């Protein structure tokens, strides 16, 4: 778990699912953002990361905490494209907005993943009401600890 | 889940386990207190409540959050006495301080349980750094929600 | 897991719960018997052993497999007596017959536990339709493996 | 759960993974076969069916029980092709042989799935040592019950 106080880089998305129009972090100032980076064929994402993102969505009011999925493909690119992701999202009944991380021209790791320095999937980034990165965590994090951090961010002034 | 802003009534204990001397809420001002009411023969306490209390103890620094067990026996009194509780605590390897709720002279429900108006076991009471009751919850509460409330309390001034 | 082909020793019980009259293994010839030894204050019994005994009871017809609990107290004797066990059985809603293992005159380990050479609790003993011990297992055993053994015993002639 | 005593239809596979050469049920006579039909983007397969197939593989000797995966795609065909499946099998570290069910010329449901009359995924088919279908189950089945059926089949003569 790394605490960083930088302003969160904007999400660079090739496309968005589950939202009529693209989201920007700038427009979400005033809300806490939980950015969940995953790959649809990553076992730890499917068993823990995605269910935790769904639990955040269910546990907090949308006006307080905005859950955003980030499909950051850095391996098996040919079989985790947009059509595959749409089938996955349909089957797993995910309803939060999901950005498809913009592929890099000459690297395996896509652009938003690079900008945040994510170490892999699943990763969870928490962004405070002022737009700063407050958690950048690779792997599993317990609900109690995660909840405590979200709770702290919710009482801070925007 | 009920939010109440009263000052938390003092714990009335017949005896204490896992502490060299009795605790008082008064002396714990400045820390968040998680008071977990249970009965050793209550299945929901054993499967969910007690493991959650242990998780709180493990997830937060003792200087921030103080976990206290409250053995509030309101049924099967003859088989949940102090000796039985000591065997239970030994077998389940519980290490947080536990108060044996003071039995009432002429009622099944013991005195601290009465004072807090607990509806049954397991119940979880959260007390803020100023000594006020902020959660009084009967039954199961999800870790994310509980964590969020603890997180809020931790950033409030004492 | 130990396979033994001895005739199962009779259960020596001080008392029985959940049955109008004492059971004998002799009278159960023709059925497979799953004898689950436990202590009410044994954490592994409560979390794994007892739920597995309940699952056996639910998964097989009573005419095929008879589940019997055996309360074999070898520690904390003073707080796991008959009244305590009755409260436990009531709270955990156990409905299979349970024998209270006959205490030994001068040893901690009760008589049936001695006769079977049980190493501790939870233990599971499987007795075939001819009354022979086919499994004597201390600790946890996976459902798939346990089911396979029960399945084998069910197709053997009595 | 349907019990049928037909000879199991041969597996019709477009390709095989995790085996140097195609398997045939004919060549597996004498062993019990657990044929697990799944789709890589089916949530129930990923959370329950595939882990149960892995548990069968782990719990029984390969000489006794042969676990075979059957990738029976009947929806989202374009994103569950062979390359995608290979990535999935790699990420989930599956090591049992897997047949890619032969697509039908003019129907969504592939040929082996049709021949067995499977109702969906996950499905589990158990084939006895004589090559007859003994279980054809759609959805979840408990380990205890499944183990019992495998145990019965293992003691039948081939």
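Each chain gets a letter, A, B, C and D, in the order it is written, and its residues are counted from 1.
Everything below uses one rule, namely that a contact is a pair of C-beta atoms (placed from the backbone, for glycine too) under 8 Å apart; a residue touches a chain by one contact, two chains touch by 3 or more.
Because the structure is predicted, anything quoted here is derived from the model rather than measured.
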Longest centre-to-centre distance from chain C, chain (CA-based): A
Angle of rotation relating chain A to chain C [CA atoms, steps of 5 degrees]: 180
Intercentroid distance (Cα basis), chain C paired with chain A, Å: 50
Centre-of-Cα separation between chain B and chain A, whole angstrom: 36
Sites on chain D at which at least two other chains make contact: none
Sites on chain C touched by chain B in the complex: 41-43, 46-47, 76, 78-81, 83-84, 87-88, 91-92
Chain D residues within the chain C interface of the complex: 55-56, 59-60, 142-152, 154-156
